[in-house]
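Have a look at these structures, which come just after this line.
In what comes next, chain A is part of two complexes: it sits with chain B in the first one and with chain C in the second one.
Let's look at the complex of A and B:
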């Protein structure tokens, strides 16, 4: 058990390093740099640009920049923004709560609504309820978040005037963005739960449960659901990645504070240290959540608990 | 005895994507309290649907009763609302299923699932239920019930799970226990234990037993009355004695004749029925058995009623006539027929120099290293642990033993489908264990395999022609007309129509699929065929067809077979010699007849004793061996069989018995051979 956790943490370190190297290389080889995007085109002389570049260390060869950056990163120093000269770590930490609030609310919406609708649809398979729910699921997974976000703004802010279209203070501004993200997650979870429940109720043990006189409600909710939810929990872990990616879009659409927005701005400005910081943070979060998901398996599925969870990972 | 369950003219339909299927058609049966009724028939005859209808669990499976009536005790079940049926299920009537492994919810402990039944029928509080679970598990012979009840289904063996399932069924003192093929998934030794347990419990709880089985031996051992079903209808019903000794219906008779018997003649052509049972969508009008019946006349186009004849019921227009004629023979009287019609070729002493064996296996081992747990050195699972045997050309060597004895692994290592850990396999004088790549492929031409699950061993998207022709393209580089001709010839030789090469596996019945599997194995004209449980997935009437085919092909082509099977009857019938395996070791080998007449190893004896013969009222299973095969990870010390052996002494515990010859072509590994 402990061995498993240690192994997984070591593996996550590897994942985080790998993703930072990847991001570093992509940003290095992309045309343009932070200096060019910071200075309005044509206002500075080429000498001035070279000077600033030299000051930031951007004219050094690749291996040198690479060495310096990762040397500092391992000491916990993520450097300063090339654009605003703010230190990166505090900048990220400042924006984490807003994004976390968004991610948690939309995950809760996805899980709650997804499981509920998925189960409902499976229990009424073939009927009108099932058809309606399946359309909702299809809508969820296929509509891009920026489009459904704009539609929600048009309906609830512009037409009805119930909710603010933008901003990031207070609960009211959280509703539309988390609904936008939640629609995607609901679609994913609903489809997963539905097919998983349908598989489970075809298992032979369901007949045994009926034959021993359990009510249909007990058969479905106590037994079928518990077995069906095991794969859905995995989905929840993967959803975190989905939410982080979604946050970039949604925070931009709703003009919210948050690390998604920070990331979007930093990429546009080729602000390497900030991009790196956000990537390391989200990769770490992703790995951590999935570790928790794997551990929670042991609570749900006795087969994994007894046979040792290290197997197959 | 009072009437407990009565179904009269019961008709059940299932709604399926292809329409309403009538799966139970005008079935009448009655069960009196305390008696055992066996429902026999092949798969697709409607046995399981009937049992599910009685429990009314058919409702959730798109089935409904469209005619007739069903009465249990004083309650008419036919149109009873679901929430009034539910209190009866699991309390007044209970059910035991075929696959104990998949019949328990894997996410709950055994104990909690049994307790759930007790609590849901308000037979006690949770605490009382737990105490009752321990008592029930003890009663059904589960050792250490307090420990076992806290385990999950995946942690128990099939035999123990089936005992737990029975405990669950008994938890509320049912008056009727329905057991749907309760022992089919289990080894014969465990089957004997479970059958004995059912019989004991039935007397103790004074309940009626509706036992569904395809195995007539089981029916003979258990039944007071037998109901034979075919194509959703009752073909014949009567006392066990009547059905087993003087069957009136041609189907019953065919079924009984098709059973391979432990005391019958060996290597004879088995009497078998043609064809196989149709699916419910193709049930013929009139008599359902008409297409396969040798006595069918134009009269049979009209449906025969289930009529009373000589104190039994039979649904056949010709029953009265056939009962008089000698055409219907009592199958039990053909027991003593002439000895094998074929000279047994045994590798005798002195014969060896003249004719080298086709296949020679010396001290073969296959060990699987296991994952290290904790600080203990990693264990090794010794699936095959030092087996030596030989096989001459044209000979059949049978290999028997419980599941987990290493039979299949041995077969795969011989074919080099798995690498041997040590030991030698010589085929036609050539050592195989070191061969790789092209050289190995060359040898494989003459060593082929027939699989247990014919459907699983074929690509469902391929046509029969492609499946059979593939080895020809790979090894002979054949194509076009040459290949097509060979495929046609192969299809003919396994008794299939050559035009069937355009069909796909799902269009064929189980027996036909197995024939295709055999044709594929024959394509390259092999000298040796490994048949791993070739008939155990097939219906009784089809089994004998396949056994006949295997024999015929051997006689025609001089094939050698290594026949792996857990069904002793078939092994005895087909094999010249039989080897018995236990926990990775060969414990006895002998000429077939000898082995079954005078088994030398107590394990061989136990295996033979656990097969129910076709004689009503047989009960010697109480002598059958107790316990179950241990894990090959921790084999017992000394003789591996000693913990289960009735004759074991302290010597058996400490010293591993040597492999020694005790007669011509006979050897045994036992300190005290019988």
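Let's look at the complex of A and C:
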């Protein structure tokens, strides 16, 4: 158990470093840099641009920039934004709460709605209800978040005037963005839960339970659902990545504060230290949540609890 | 949480989701009906002008992008000027009809050789931090702009002829220029040359952009990144230019700029009353908002250089006038502007925008698209249509690389796509190259035959930047059109102080550029805002920036 956690944490470190190196290389080799992208065309002379680049260390060879950057990072220093000269870590931390609020609310919506609709649809498979829910699921996974976000604004803000279309102050501004992200997650979880419930109820032990004369309700809720839950929980862990990616779009559409928007601006401005900071943060969060998800299997499945993770079914 | 609880019954959840689906579709389909129903519920017309202005209230204003910095000397972004115009004042004021009026300077004189400007300053002005405004403060501001460590950009480009400033007496300051400059006085009204508190500039250094301190009608309160910028009334303000009805402190308590990048959300925020005004209304939304009796549309055409396509003459055959004329005649600018901007943007006819000093209206309706003539010109040059319809000469196909930047601002990438279609008809293949890295591709590699550009400016000397051989501060010119005659005209235009003679010079320059097909002017870019009728007397300066001295908000 402890060995497992230590192993996973070591692997996490590898994942975070790997993603960080990858992002550094991509941004280094992409054309353009932080200086050119913030200066209007022709407002600074070539000499001046060279000076500013030199001041930021952008003219150093690759291995040197790489060494300086990662040397600092391992000492916990993420450096300063190339655009605003603010230190990166406080800048990110300032925006984390807003994104976390959004991600948690939409995960709750996805999990709640997704499991409910998935189970419901599986129990009524083949009927009109099933067909309707499956369409909803398909809608959830296929509609781009920026589109559904704008539709929600048109309906609930412009037409009905119930909810504010923008901002990040208070619970009311959280509802539409988390619904937008929640629709995507609901679609994913719903489809996963539906198919895994269907798989489970075809298994022989369900037939045995029915043959024993157990009520259909008990068969479903006490036995089928519990067995079908593991894939759904795994999906929940992966949903964190989905939420982080979705935050970039949703935070922009709903004019919210958050690290998704910081990331989008930083990529547009080639602000490497800020991009790196956000990537390391979200990679770390992703790894952590998935570790928790793996540990939670033990709560759900007693077989895993007995044999340990990785060796159970 | 409550939401989850309520949805515990799967039936309701399903009903909710299907409602969303349905409502989403109907809302998008019925947007025109929507403005009709809204107009029925709107309040009756404006309150009588004779009523006393209402003091108090908060003006919420939706910006399309976030300012990079609120330091006027450093920021080169339009959106930043919209905000800091309310925090800072300038030495002189330019009225909407291009007249220069006193502001922080009460009067001024120019030496006979045009190289020394002496300004008498107001004596009753102080900065938000209590620092007195005087000649010393003005001198420190200009020293700061020209100091390389400030990293000034646009501000510096207005001071190309500036040499030094000196304090004559506590309230008199003198500027010395290297050469006479006709644009100098007018450019002093630019928000980029606004006066910042020298105390704050020293205290915050590069961070002044996050802690702006000026003499303007509003004081800076806070800036929450990606969310809002808040300003409050400067109670001591008593030095607005005569152009305003109210020279004293502003009526509004506070001004809140909300940063709302997504167009649909920005418009939705106005329609749902989250904000009272928004900037950068896309052309396709103007008609619907105009028909909605709750809002007014304010549109200001930018002065300076309109958006124009520069033909790179470094690459053959475009060094030949006939080849360039073929492009000039082959591109149907009217069709482009009408298709993409629904009559909201005006077509540009000259390398200068209408309203800019020196603009020559005689160029209007001059060049008309003529595909047959364009084809003839290319035939004459020996470029004959090949099997695929693309012209060839000596085994080489006639191909153009058209460079445009990412993201697709103002539908400029759509212009590129239409040009591609239009030029195909005359047998020219266009390769579209959309890049984030315009400076590298255009300025350093010259890897383009067509590239669109334009810039806002108050003075026709803005032409120098894009059309003079050495105009682009150390970079080769966009067109590569090395023409001593045009260079000479532009240089004379900069130093000529007699308005009548100057007008002649610039009119000649405009005709010269059009006749030599150096560029193909496309559209005059307007700044379009939509404002709730609860807001009155929102004013704009010559560049279309907000002026809030007289503004009131009704609840």
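By our rule, the second predicted complex is superposed on the first by the 309 of 313 C-alpha atoms of A that agree within 3 Å, B and C clash if a C-alpha of one lies under 4 Å from a C-alpha of the other, contacts with A are read in each partner's own complex, and residues count from 1 in each chain.
Note that in this section a residue touches a chain if its C-beta (ideal position, glycine included) is under 8 Å from a C-beta of that chain, and two chains touch if they have at least 3 such contacts.
Remember, predicted model here, so these are calculated numbers, not experimental data.
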item: Fit or clash - chain C, chain B, common chain A; value: fit
item: A:52 touches, of chain B and chain C: first, second, both or neither?; value: second
item: Winner by number of chain A residues touched, once chain B and chain C are compared; value: C
item: For chain A as apex, the angle formed with chain B and chain C - C-alpha centres, to the nearest 10 degrees; value: 150
item: First, second, both or neither for A:139, with chain B first and chain C second; value: second
item: Partner chain in contact with A:213 - chain B first, chain C second, else both or neither; value: first
item: Partner chain in contact with A:203 - chain B first, chain C second, else both or neither; value: first
item: Touched partner set for A:301, first chain B, second chain C, both or neither; value: first
item: Partner chain(s) touched by A:168 [first = chain B, second = chain C, both, neither]; value: second
item: Contacts of A:226 with chain B and chain C, given as first, second, both or neither; value: first
item: Minimum C-alpha spacing, chains overlaid - chain B and chain C, in Å; value: 23
item: Residues of chain A that lie at the interface with chain B and also at the interface with chain C; value: none
item: Residue ranges of chain C touching chain A (in the complex, touch as defined); value: 1, 3-4, 7-8, 10, 13-14, 17-18, 20-21, 23-24, 27-28, 31, 34, 66, 68-69, 76, 148, 151, 153-154, 156-157, 206-207, 209-210, 224-227, 258-262, 264-266, 268-269, 271-274, 435-440, 442-443, 453, 455, 465-466, 471-475
item: Of chain B, residues touching chain A in the complex; value: 52, 55, 57, 60, 82-83, 86-91, 94-95, 97, 99, 102-109, 116-117, 120-121, 152, 154-155, 165, 168-169, 171, 371, 373
item: Touching residues on chain A, where the partner in the complex is chain C; value: 31-32, 36-48, 51-52, 83-85, 91, 94-95, 108-109, 112-113, 116-117, 120, 129, 132-133, 136, 139, 146, 148-155, 157-159, 161, 164-168, 175, 183, 186, 251-258, 261-262, 265, 268
item: Chain A - residues contacting chain B, complex; value: 203-205, 207-216, 218, 223, 226-227, 230, 300-303, 306-308, 311
